[in-house]
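Shared between the two complexes below is chain A, which pairs with chain B and chain C, respectively.
Take a look at the complex of A and B:
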């Protein structure tokens, strides 16, 4: 009796099941929207979403992995900060800063030899993202400025500054965007293009997975992670134990920023015709990162799968165009699923309550017998 | 049937939370016009039982009778309508209201939507005079003392014409003088026909005022006794389930060298007022030095300054002859200063960490528990198991229990285990037994005394007179940020100590 319940009543299972339920709710809601917008095609379109990337075989899987990379990175950034008690809403700004640094190095630093160029570009992106995290971190630690506000502002500063810098340094006037990076700055594909033929896949996915593993180990195995999480859960107790809580807040934001920055590099160095557009739009990858972190419940491994899942339905959504759905409807469905993902905590609490009620009922039943 | 014998009968009440029976077939019968003490350790189910009576919880089984009639109480308004009122342990007052406004809140007399305060004022002044509460109806709650605030709460019950009054640990926050006055007022109330349920840990107070006493232990009803015939030992044995040692055994007092020395310590509040002014003292090896005083007289700030958690305005601190005024918290801790903080939830524990993670909070960074930045989980686990065993820390899942779910006493034991196992030169313990039951108090006092007998120093900050008198070797009394007395427990009575604490007397000059 006791053993049977052990797994199903564990923490991890509760997280997992609530995420799955959240996704199911989102899908149902999406189905409703499809029926409203185009009843006759609704079922077929819906199946496209459910089938996701598998409609296109290996190429589809490659596409999913490609889409997943940047949002895993921003998701990791948000989730990591959240585990340490900080709400990093500035992943967009950090992502953009990183993207610019990577593209700048890719375009200008042509003196770098092949094989090192792309690596330097990623490191530059990491530093730029870290800097964009450092500023709200310092403000939070030493001036008690709420990191949410500071990092939102850094999103705008990042966007406009990057627009300005692109225009003045690496501008392609004809297309109102950045110049293309030199081919040596492209991420190596390491033969992945042969396996996932027709996709834009490169080693970015491995870098993302490596980051997931590093953050997972950092948080769960190291004294540094122990300190960071303790500060996130109770800053006063950290101070009491002589942990430098201020330094940890700064470091935490720096690491979060660096992760987003790498995300920017991985997207813009991928030889897929992606250029930095000079537009007054905040990078959506940052906000998607928040959703990914929520859906993954801030655990690095969870974030990896959440990022893959969002990418999966994004690919599926693209295929819905075959059924004459306009892209806006696709966006709504994806948004609905993400929205419900955000509610996964709510669902989790609900499950918890149902479980308690059931247990009570069971005991009362046994009591009467 | 005529007049019912009992005003309250709670028969065979069972209240469950999940698997846990907070009340298991509990019966409580209160006679009209008596003070009925409700005694039990923390988590014995006293609060749950009162919450059931107050309509906050619905019991799974059992019935409640008021004046002989079975009633259903589904919310506090029902309870109020039946004449049941409660003074909560943590007052529920609005700080920027006057006394008058606070009392009528929720029961305002209005005419055409306009407040009619004149009648209320008359009634309240009348009540205040009758019970010698000496209360100013126009004073703001934030300006009056805790004792006065409690009187406001009592007046609030009387204003609503409640006949059954519940006092939830009312003396925890009062000075000895105030306690005396409160107990007198309670006696007057029952003499006028009210009935009182008096929840407390303190056996002295039960002996002083209560007529009968019901004891709960681990959710179960143990029994009801006539207080006159019961001894303190008997009551505590009923409560804890074993014999309790009230007078802790100590070896003779032989102070050694100075361990901790504070010189002219001054701490300013955020608003520039001196909360600790020019405080100097020494703590010696083999000594328990107690800082007594009413809460809020600068004791907390003094300790925060000594441990490095807040900066000092002036003065110096040295440990074993070395000046540590400029040292970080970590360096003080490594130099042998252990700190059992006042607020264990805020400072002492990371509540959402497991027990083992909390037990290494002060030494996770040592070679014993980490190698190149990686935690040694096996070492942590076996260390935690050792402490759990040695200090008898009880919890649901051993070292993997989340600390938030543990009882207050066991949380405190975890902190004590962590701090004492570091073999500190000095232990600074702030109200280490606050909110704990007799068994845990006895245990923690034994641990502190063991430190002292092992020729270490202990600095204890306490608000409880009993604790001050029984445990200390030397007593400093703090009043408004200054030391006003430096005495030995055997040279002073509790009453005299109370006068020092209330600022009515001082024997130490501030030589600033």
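Take a look at the complex of A and C:
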């Protein structure tokens, strides 16, 4: 009984309840939008969203995992930076840089043996992403440049630079995109394609989960992680305590960049016919990462589930086209869910009030005895 | 000479929307509310304005349509921004949350509305607003061709908005109170300023200006609105920070960026730049690279409004 009490009064329970309520509110809002735009099809379309990937059975689950991997990585990148007091709006640029590095290694470094090739490609992506995070980090730490503006600039610089590099190194002129990577650079499937028949699932999801675990341990179990979080909370207190705040800002951005970079590699090495397009468009995965991070309340485990959830209803959004709805309705629903997440404080306060009332009642009861 | 005129005219098309939206952002942030939703608000404003112009095609024409469209854009932007204000001020939520939600909502909503109303994703509109020559002023030597030929009325409205906005925030009582709420809301509150109301006003102004800015961006650059303002909201945010949250510096930042952007996109028409051995992408990259380098030198003393991003809680005064 005592344990149960603790659980219902715990912080985790409060954020869980507020997330569930936010999702419920967001879905209801989406249903309303569907009814307004096309009442006759609204119910069918809405059921597609709710059923998500399960409409398509195992292949759908495979598709969900495939969608989830890159946004979990960018979400982790943004969320990690949030925890250390930085707003990494540059996940797009880091993602693109990583994607290019991975594809470049995948196309050009054919001398690498099978089994190592894909690993080197991921490492290259990690370094490229880290470099793209390093620059805003250095500017922030040593030149007091706001990381938001530096990251926005790096997004554009990354996009144009990658377009240039693709065009001059690994260009498929006919299709205006990158060449395909060699098959040894594809992520191993480890038999997953047999389980989730009809999907091109690979070990990318396990790499993403591994990253989630590493970041979780780093943030909550190590001194280094503690220092990073402390710097995010109060830089002056950190300096006073002898922590090198400048170094920590740089390292935070480097780690965040590396995570996004890996995300780029995992998407473009997955043998699904995805190529780097030479377009003047900033990679949307970075901005989706912000959503995932916010939905997951910046906790690594939360981000994992948030990424899976958004991927889940995205698959549902694809199916919704059968009912003549644009898949963008999913974005509206996700936006509504995130917005309702802002209500979490309201709910928390409510839970807090109930808790206080209960305690008062208990104390009064004890006093009378 | 004609190249110079062309560059100046083009610069205006890039600079004015950045200027309006960044000044809008300034109102929000100086009042203490970070507004990363500028991009989304611009999209909503542009959507409302272009849909209006599309629907009135054949019924009305001339500059009046554009003026009404601008008012509608501003109104829609203002209403949309209240969602952000409510979450940030009333619910005391993390201000990136509602901002991100608005940014995600707007383009999807624009596509949905266009599909539902018009059956297609894009909103086409007839662009009959180009002023080939302003009477009298257009005949002035040098200045005439630069500023008063082949221009849009939005350019002058934009400059007027900037002048008014700069005056209000720097020279009026309301402006002083707004700035106080962004620096030290507790102190403002203690002398009887209603911090919540001022912050609502700040966000509302930013929403109206961002909505107007969305339409101002679309009109000269396109004849179709495709649920996007090409990242200009985020660039305006960058201009706001680049301008260190001060109106005059924002003005220079917006024009610095716009000149760079114009040179980058029109370099092939400019003899000196054309002969340089740079590839196309390098020119496109240049405005962003230049901004980053300039920032590295001028940011040493840059300081955001102190209470910006911090929800105000009267109880913790």
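The rule is simple: the second predicted complex is superposed on the first by the 320 of 369 C-alpha atoms of A that agree within 3 Å, B and C clash if a C-alpha of one lies under 4 Å from a C-alpha of the other, contacts with A are read in each partner's own complex, and residues count from 1 in each chain.
Definition applied: a residue touches a chain if its C-beta (ideal position, glycine included) is under 8 Å from a C-beta of that chain, and two chains touch if they have at least 3 such contacts.
In this text the structure is predicted, and so the values were computed from the model without any measurement.
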item: Partner chain in contact with A:242 - chain B first, chain C second, else both or neither; value: first
item: Partner chain(s) touched by A:201 [first = chain B, second = chain C, both, neither]; value: neither
item: Touching partner for A:336 - first (chain B), second (chain C), both, neither; value: second
item: Which of chain B and chain C A:234 touches, first, second, both or neither; value: first
item: Chain B versus chain C as contact partner of A:223, first or second or both or neither; value: first
item: Superposition-derived comparison: chain B or chain C, residues of chain A touched; value: C
item: Residues of chain C that touch chain A when the two form their complex; value: 36, 83, 87, 91-94, 96-98, 100-105, 107-109, 111-112, 115-116, 121, 231, 234-235, 237-238, 241-242, 279, 281-282, 284-285, 288-289, 291-292, 295-297, 299-302, 304
item: Chain C contact footprint on chain A (complex, rising order); value: 33, 37-38, 87, 89, 139, 143-146, 148-150, 152-154, 156-157, 160-161, 163-164, 167-168, 280, 282, 287, 290-291, 294, 326, 328-332, 334-336, 338-339, 341-346
item: Touch list for chain B against partner chain A, complex; value: 16, 18-19, 60, 307, 309, 328-333, 339, 341, 346-353, 357, 361-362, 364-365, 369-370, 373-375
item: Chain A residues touching chain B - in the complex, by the definition given at the top; value: 221-224, 226-227, 229-230, 233-234, 236-243, 356, 359-360, 363-364
